[in-house]
Structures are given as structure tokens and as C-alpha cells.
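There are structures below to look over.
Shared between the two complexes below is chain A, which pairs with chain B and chain C, respectively.
For the complex of A and B:
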């Protein structure tokens, strides 16, 4: 009887620990800074799943969901010289938090983590490693990270006359509020 | 003599054409740069149910992208949840045949109270299929 109780306890604990966190409306913004122009776009429909046991961390992003202050910027962003969103409507990241044991999901606090994985944009997949912060508060989870990607590595070339207005390094800011699934 | 006059007037005309091109080019450029944001309110939406558009993407994402991506979609469905996204915009999830995901609708303006379980019609721009079908920059129709 006692053994069964222990087994049940173990099962319940592992079950609780193997918690998935999800967002269907996470935020990612992109930012390009040059002397001539600053460009910023926001996307509030990012889907992400985080497994708190294994640390696997996946993101899916609809590129057409990025919105800009000016329609003209948005039209450029989507066209065949940049993101070609009619052909490549999605981008994604698949990886893991390398030091998942550093995060105590049961205790409120901010935890520094390193996320490593593969970023796919326009069907080009490259390894990416970024620092981030996981914040646990009252059972909810927020994940933030800022990192740079070189757009040319992902075949985002742009016309020649915009090169001075568009940085090669695009800053990506991830800020996602997760809920327990 | 007359040849010179013709050459002069030709030069004048050429100059006028160049100036006019620059002027209209600049006006066009200025207009394009300040082009107003897309507004679905003035567009006729493709009418479909939340269940049908989700099934369509689930069956063949490629085919559904060709049909719905970047189009104005007028979707009708049952509200499973409402929330605010991190930018403070109202988001409504519409029910599909999938137990977890559905149609993810983001309003560009606050639509007022929308009750969970009610059936609404929403018009917005389809930006793709992640786990949900994503429709944003939308307005309430009914």
C-alpha cells in the first residue's frame, strides 16, 4: 500500500514537473539601425513551446504578421527583394535551453539561460546561440532574449539603393509570455 | 538659323520633360512612402467558417496559403477564449476541430466585450498557419 502511494506520488511529481509552457501570441520585434534610418517591425502572433524538463524550445513565426509604422516599409519587407513572404510565409527556431537545470520553475525569480538551436528563415537554416532571461512569477513564465542575425546569411539582400539604410545585422528581440499547457 | 531655333526649342522641351518627370516622380514617391496602412474595412472579405479555414490549412498548408494568404478573410466561429496580447490588442481564439488550436484573430481596435462561447464574425488579413490560423488587423463584423 505504501509502495503504491510512493509510486503514485512519484508519478504525480514527474507529471507536474514535465510541464509544457506555451504561447500563441508571443512578441518578437526586429530592428535595423543605420545612420540614415531606423526600421522597426513588430509581430505579436508568435507561437512557442517550452518543455521545462528537457529544455526544448521551439518558435514559429508568420512573417506576414510583422507590422511596421509605414505601409511602404511593410510592402518592401514582404516583397521578393527581402522576405519573399508569398514564397516563405514562415520562419522558425528549434533548439533548447542548454542549462535547463539552472531554472527552478517552481520558484519565482529571474534566471539567465543560454539557448542554442537552428534558426530557419527563407528555407536557410543556420545554428544560433543566444543569451536569454527566463522569469517565473506566480506560475507564469516570461522569456526574453536579444540577439543579432546577419540578414545576408539568410538571402535577404535588398536592392542596392537601400543598402545604406538597412543594416546587415538585424537585431531580434524576443519577449514572450507563456502559460502552462 | 532656323536649325538653331529648332535645337533650342527641342532642348527646352527636353528640359520640361525632365523637370516634369522629376516633379511627378517625387510626388508619386512621396505618396508611396506615406501610403496609408491597409484597412480591411473597405475590402470585401472571403467568407468562411473558422472550422473550414482551419481544416483547409491542416489538410494542405500550401494549397490554403495560395487561397487565403494576405487576403481579407471574413471568418465566423465560436469564441473559445479572449485575451490581450503583449501590445495590448484584443485577441480572440475561434474554435476548430483541433483540441488545442484554432483561428487566432487580432483586432486593430478594441471591439468591446466579446463573450466566451458566443459566435462572432471577424474580418481581417490572413498571415499564415503556425499552430493556429493567424488573422490580424481585423474588425468585428457581427
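For the complex of A and C:
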């Protein structure tokens, strides 16, 4: 019994030392700009985990939680011509902060970082590299990044008549407040 | 001692479990968050029907705030008119109108139909909204009040059997409806419509001024964009004008981005409540069926505020 207790203690200890940062309600928004129409959707159903020692940085997003100003946009976004949300309910990113040593997690400040990894949307996985800013303030961490993806690489085609209203390049904005786990 | 051991082992189990749970991937974390959100928030049931009209009748749907829903409807003559009139093609009754969403619950609308050169206007209010999650509401209820004003003096004279010039009040009638419905899953929606149509003036004293009827409407989705619809209005026995039939319509609708196309067969010529519920003079039995279509197109007039 004692042995188990010690083991547990060990577990908990390593755990604390790893200094993971977590968010359960991060924000990700998507934006498409064309001459015809601007489309913007927001999602607060983002979970993410950042390991401050190794720099591993993972995200998971619930697709059906993207909300748009127009109901029709939201219906289309989820339907089989776009995200096929019933079939692919989640999107994810799994990567690393390539220069994690540049971030001093113990000191307040803003740090420019580069995140590189694999983005999976609709079961299509493609490598993505994005610049971002990590801000440490009073033990809390904020991560922000803006990058573009080509929707067609992820099989998000849409009908022919919407192509002029929907940009191929979708801007993705990440803004997440993390807490120490 | 046994107790102590027991507690320690429970604690251990809990702690170990806990540690593991946190190390586990983000999927389960997201699932847990989603579940919490589903429970703590109310999800309104959207798109019980495709648009604010089923075939002739209103549906319980109201128009989104700031959106103008422009409507054009045609009813051709009856199919039993034969080849000389191309089965009704040579005669068309039209309605052009629009609905506007003042709020998501309140819609105002109006139109002009060629049938008896009639103007109509209405207010529609969504009293109850079917929802699940934190607040569970099993059905939607929308109230409708409308006014119809026929300007075809000759037709009004004929209807009322009078020779003198009809007064404005003689040409006016009103409709009050409760549209009560529910979406059963994605594929099937049903509504019932208790209705009262009030005529200021009726032809003979044995016809009541208030005519009661009850309607029923269904939508069955075939694909994501198409569905089959049907509606029927039963006129209560003492609320029926002589020589009229109950209105029965079946339709097929296609929804594309911003447009709704509806094709239907109906024994009614008119497209406002008074004319199709209480003044349908054709019957399915003898081929008095009108082919027709509705086209609806939505325009965003007031842009909704973008979510923060």
C-alpha cells in the first residue's frame, strides 16, 4: 500500500514539474474575404494543451461550435458541401513550438514563437507552420496566432455558385488563454 | 484499520485515475466540454420548416431579424381544362409579397394577389420556440393575425350577391391562426393550424361571419435540400360556405442558398387564408387541380451584429 502511495506521489510530482498549460475555452475564428462578401465565424469550444518543457502544442476544436452572424451561413458551413460536421465533428492540430527555449515561462513578457505541426481537418492532415506570440503574465499564458490555410487542400469545396463569395484562403485566428494545469 | 486501508486505496485509485485522465488526449476533454455546454445552454430548434410558407398556408417559421423574404407565387388554371387551355396554363393567378423580420420572433408581411385584386397584410409572432438543453420546450407556437382587402368590386358584388356599390368594410376580411408544430428529428416536421376567418359581410344570413377551420401540414425531408410537403384544411361543419371544398395541397420543395422553390398541386386558386381555406370551389375528385409554384428569395436588409 505504501509503495502505491509513493508511486502516486511520484506521479503527481512529475506531473506538476512538467508545467503544462491548458485551456478548455480557447477562441478560434475563421475569416474569408472576397469582393462579394466577408464571412467570419467564431468558436469558443477549443481545448488545447501546451507543454512548457518539450514545447508540444496540441489543439482540438468542435466544428459545430463555429457560429456565424447569419443562420444560413452556419447551416451551410456544417452541411455536406463544406465541413460535413456530422461525419467530421472535430478538427485538430498537433505540433511543437520549435524555439521553446526562447520562452521564459517564469518571467512576464511577450515572446515571438514559431509553431510547426500537422493540421487535421475532415481527416486530411497537412503540415502547417505559423508565427505566434506567447504572452506570460502572472503565471497565466496567452497564445495568439494568425495564419492562412487553403480550404481546398482539406476538401472543403462548396458549390460552384458560391466560389466567388468564398475565398480559397481562409484566415485562421487563434487566441487562447491558458492556465497552469 | 480496514477502513483506513479502504480509504487509502480509494484515494489512490482516484489520484491515479486523475493523473491518467489529464494525460489523456484532448478528445475526451473536448467531449466533456461539449457535454457540459449542451446541458448548460439552450439549443433552439431551427428550420422546422424550410420557409415561412408551407404551400398556401403559413408555417410556424418567422423571418430572421433584418431579413426581407420576397415571394412570388403562381397558380395556374385547373388541369381538367384540357388541351385547349394547356391544362390550365392559360390562366394564372399570382401573388407577389414579402415578409420582413422585425425581430427573430416578430414578422410583418404583405402582398397583392391578382385573385379579386386583393391586398393583404399580416403580423406573425413566435410565442414558443421548440428547444432542448437547459430549457426544454417540446413544440413551437406562432400566432398570426392578418387582414385581406379585395378591390375587385365586381367580384365582391358577385360574392355577396349585391348590386349596390360595396363599402370598404364589405371588402375586408380577417384571419387569426395559431400555428402549432414540432420538428421530430431532422426528417419530419408537423404542424396543426386552428384558424378563424372573419368576414365583415357575408352573402346570406345563414352563413356565419366567423368561419372556423383546422389545418394540418407536414414536411418530409428527402435529401438535405429537398422535401415533400402536404397541407389540408378541414372546415368545421357549421363554418362552411355552400359550394366550397376543403383545401388539399401536396408539394415538393427545393432549397438552395437563399432561394426556396416550391412546386405544388392544389385544389385552391387563392393564396391568402380567406381564399384558399374558405373559398375553394374546385375539388380533387373531378380534376379541379391547380399546378403552381412559389419562389422565395431572402435579402439581408439590416446586417446582424457580428458575434464578438
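Simple rule for what comes next: the second predicted complex is superposed on the first by the 164 of 181 C-alpha atoms of A that agree within 3 Å, B and C clash if a C-alpha of one lies under 4 Å from a C-alpha of the other, contacts with A are read in each partner's own complex, and residues count from 1 in each chain.
Here is the rule we use: a residue touches a chain if its C-beta (ideal position, glycine included) is under 8 Å from a C-beta of that chain, and two chains touch if they have at least 3 such contacts.
Bear in mind that the values here come from a model prediction, so they are computed numbers and not experimental data.
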| item | value |
| --- | --- |
| Clash or fit (per the criteria above) of chain B with chain C on chain A | clash |
| Contacts of A:71 with chain B and chain C, given as first, second, both or neither | both |
| Chain B versus chain C as contact partner of A:177, first or second or both or neither | first |
| Touched partner set for A:60, first chain B, second chain C, both or neither | both |
| First, second, both or neither for A:79, with chain B first and chain C second | second |
| First, second, both or neither for A:161, with chain B first and chain C second | second |
| Residues of chain A touched, compared between chain B and chain C (which is higher) | C |
| Chain B versus chain C as contact partner of A:26, first or second or both or neither | first |
| 169-177, 205-213 or 295-303: stretch of chain C that collides with chain B | 295-303 |
| Touching both chain C and chain B, counted on chain A across the two superposed complexes | 24-25, 42, 45, 47, 60-62, 65, 67, 70-72, 75, 90 |
| Chain B - residues contacting chain A, complex | 32-38, 65, 69-70, 83, 85-87, 89, 91, 93, 101, 104, 106, 125, 127-132, 134, 136-137 |
| Footprint of chain C on chain A - complex, ascending | 1, 4-5, 8, 11-12, 15, 20, 24-25, 40, 42, 45, 47-49, 58-62, 65, 67-72, 75-76, 79-80, 90, 92, 159, 161-162, 181 |
| Parts of chain C lying in touch with chain A, wherever the complex brings them together | 5, 8-9, 12, 15-16, 19, 22, 25-27, 29-30, 33-34, 37, 46-47, 64, 224, 257-258, 298, 300, 303-308 |
| Complex contacts: residues of chain A adjacent to chain B | 24-27, 42, 44-47, 60-65, 67, 70-72, 74-75, 85-86, 89-90, 175-177 |
